[in-house]
Amino acid sequence: MLGEMLENVRKKSPLIQNITNYVTANDCANITLACGASPTMSDGEEEAVEMATLCDGLNINMGTLHPRSIKAMLLAGKQSNVCGHPVVLDPVGAGASSYRMETAAALLSEIQFAAIRGNISEIKTLANGKGSSKGVDADAADAITEDTLPDMIAFAKEYAGITGAVIAVSGAIDIVSDSKKAYVIRNGHSVMAQITGCGCMLSSLTAAYLAANPEHHLEAAAAASIAMGLCGQLAYDKMAAQQAGNSSCRNYLIDAVYHLTGEQLERGANYELY
Amino acid sequence: MLGEMLENVRKKSPLIQNITNYVTANDCANITLACGASPTMSDGEEEAVEMATLCDGLNINMGTLHPRSIKAMLLAGKQSNVCGHPVVLDPVGAGASSYRMETAAALLSEIQFAAIRGNISEIKTLANGKGSSKGVDADAADAITEDTLPDMIAFAKEYAGITGAVIAVSGAIDIVSDSKKAYVIRNGHSVMAQITGCGCMLSSLTAAYLAANPEHHLEAAAAASIAMGLCGQLAYDKMAAQQAGNSSCRNYLIDAVYHLTGEQLERGANYELY
Amino acid sequence: MLGEMLENVRKKSPLIQNITNYVTANDCANITLACGASPTMSDGEEEAVEMATLCDGLNINMGTLHPRSIKAMLLAGKQSNVCGHPVVLDPVGAGASSYRMETAAALLSEIQFAAIRGNISEIKTLANGKGSSKGVDADAADAITEDTLPDMIAFAKEYAGITGAVIAVSGAIDIVSDSKKAYVIRNGHSVMAQITGCGCMLSSLTAAYLAANPEHHLEAAAAASIAMGLCGQLAYDKMAAQQAGNSSCRNYLIDAVYHLTGEQLERGANYELY
């Protein structure tokens, strides 16, 4: 079933609107193409509604916020809701400033998200209304470990119930959950934390998977996280073999997404269901 | 003669002003350096006139429009006209929103372009004043095929006559035309549609070629399209040999531009004149 | 001692705020991660003060200036001064427009910089209050050669005395100087001038090195310049071996920073002290 999620992206080639930051926009566009979807990247409030109508899904990323892009996010998000297109929220650095916290709160109150994807500190910040983000990275204190896993699963399920969104928490262990069922995913590699934009890219990927699988948002989001993790592992292997570093590894990761098949995803997936 | 167009870029190293989008700006800057020219990338209205005066050519790209960048485009474009520097328009996603359509119309009415470069849907949108763009990609219905080629050549020549600009239509087949003569170019590779910014990069390259060849805008624009196509083929070959994907392929493409000689361009060029 | 500067970055993993341009932001973020530090990239005035407080150092880059980012630079710079965090200025293209000149003057008058890093034309523009930049590249007339070296060292020392900042001049020969002592560095490779953002990346690197070595700003800035030069040489070697070009070379350079050790830095450093 998870492999089918991937194949549907290649079959349907959904058009994904990304209102995102200027740091990782290029990688987000290339990973969207790599998975078989097609990106638009405008953050203009003047065209946000038209773009949302034209596209099949929307990815909202809070990386480099400014008042114009926030207006575009709200307009596009509400229009996507009207059109029935899935909307993904990536609350980058949600706890790092009050501006980010307030923006996240406004987005959550105005838009019904299909999925919210971030690191554990970001997701906790949204849920608690106050944060502890160390910039854009998760706090060590928040890390998901085998010990904290049961609590984290319960938290993700609860917050999924409150928001009506699939909650996708990325880290050494990923949790992708709706209110009833949680995928606990052990794909991925630690090098991904040393590549800027791995989270952003996963959010773009998630939007593509959701748009192509409207009836299966949980499975689609889980498949996207597994695909990203698997490709991170493949990229690390190539990086190590070539004595390359994090910049080449970013290319190898997107390259791996470009080639990944549904069958490979099924075979490589390492997860449990709770 | 086409090889000479390339060599003049390396000899004269023109300074090219790019008012462009934040998604592909890095690739545009690197391809400008790769071909032997030098980029400036400011989109500030405050300095648009000074930059236009300082530079030898201007590339206007509508990828991520906002009111400030549009003002910069208009100021820099008009100043470039005053200075006699060539201006290239890349009407990214022209048909995807009324904001883009209106912006394109304003640019066309205020600035005399030396070349207009886009996919067939974008160019048709400009010519017809209404669009059918599916985001930033060409509509399948618009595709240039052997069947539609004669009509497309006639269309390009006619629109070149109306605008006084070289019209460069990119796709599986490229058409680069003034009002009298059209290059029909069969270089390039389909992978280029899976790399974000191939069109943007070609527009930067075209601006550099035009600035270095003021007496031969048609041939310069054709040489730029052929160079891009040849390098796309070379990049695909390297990508396939290394089992890489679209992200590495982007690097290989710029790398190929870095090494391309006038002789290789002449030898690899695959075109007919109409 | 220079190797220690590098190792302290990996040990302390400082959080570096980059208020920078959208052309090279991705490379700046990845090189910050590669050296062992952690980047934030927001240019929002709304959160500039909070980010400056949260982070351990600040890098201000004038690449694509706009009124909002200038406000963020001033707010974050002053707050970093209050917090005792080092601030680096990269006056990109300072002489290319009056807007850039005025912005640089405002930044210099409001913020105490720990280091100012640019090419010789940019630094001269700051010192003289008028410029001769050819876009973002140094004027040939300004080039540091063996003949002009003694004058350039004297200039760097004097300007360091005036500003109270370490002055880092990048070029074929680098000069990194405070008012008393100058490192004259002969690492690096000419290919670096053909990769967009090498200067920007070095400024990010310098901010990370300074933040991790608060007692040794001169040595830290020198170590950063040497590290960048060494990695440029390594990247060129790999590029040449693989017949690659400037785009791949950019990746190899960041990759090399990812692997560089303090011992390699010590061993490869090629400099004299004046």
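To keep things simple, chains are lettered A, B and C as they appear, and every chain counts its residues starting from 1.
Here, contacts are C-beta pairs under 8 Å (C-beta built on N, C-alpha and C of every residue); 3 or more make two chains touch, one makes a residue touch a chain.
Being a predicted model, the structure only gives us computed values, none of them experimental.
The best fit of Cα atoms from chain B onto chain C calls for a rotation angle of 120°, in steps of 5. Taking shared numbers over all numbers used, the chain A to chain C interface scores under half, which places it in the different class.
Work out the mean CA point of chain A and of chain C, and you get 33 Å between them.
Within chain B, contacts with two or more other chains are made by residues 22, 26-27, 250-251. By the touch criterion stated above, chain B contacts chain C in their complex at residues 15, 22, 25-27, 29-30, 33-34, 38-44, 46-47, 50-51, 54-55, 68, 250-259. By the touch rule above, chain C contacts chain B in their complex via residues 21-24, 26-27, 63-67, 93, 96-100, 134-137, 194-197, 243-248, 250-251.
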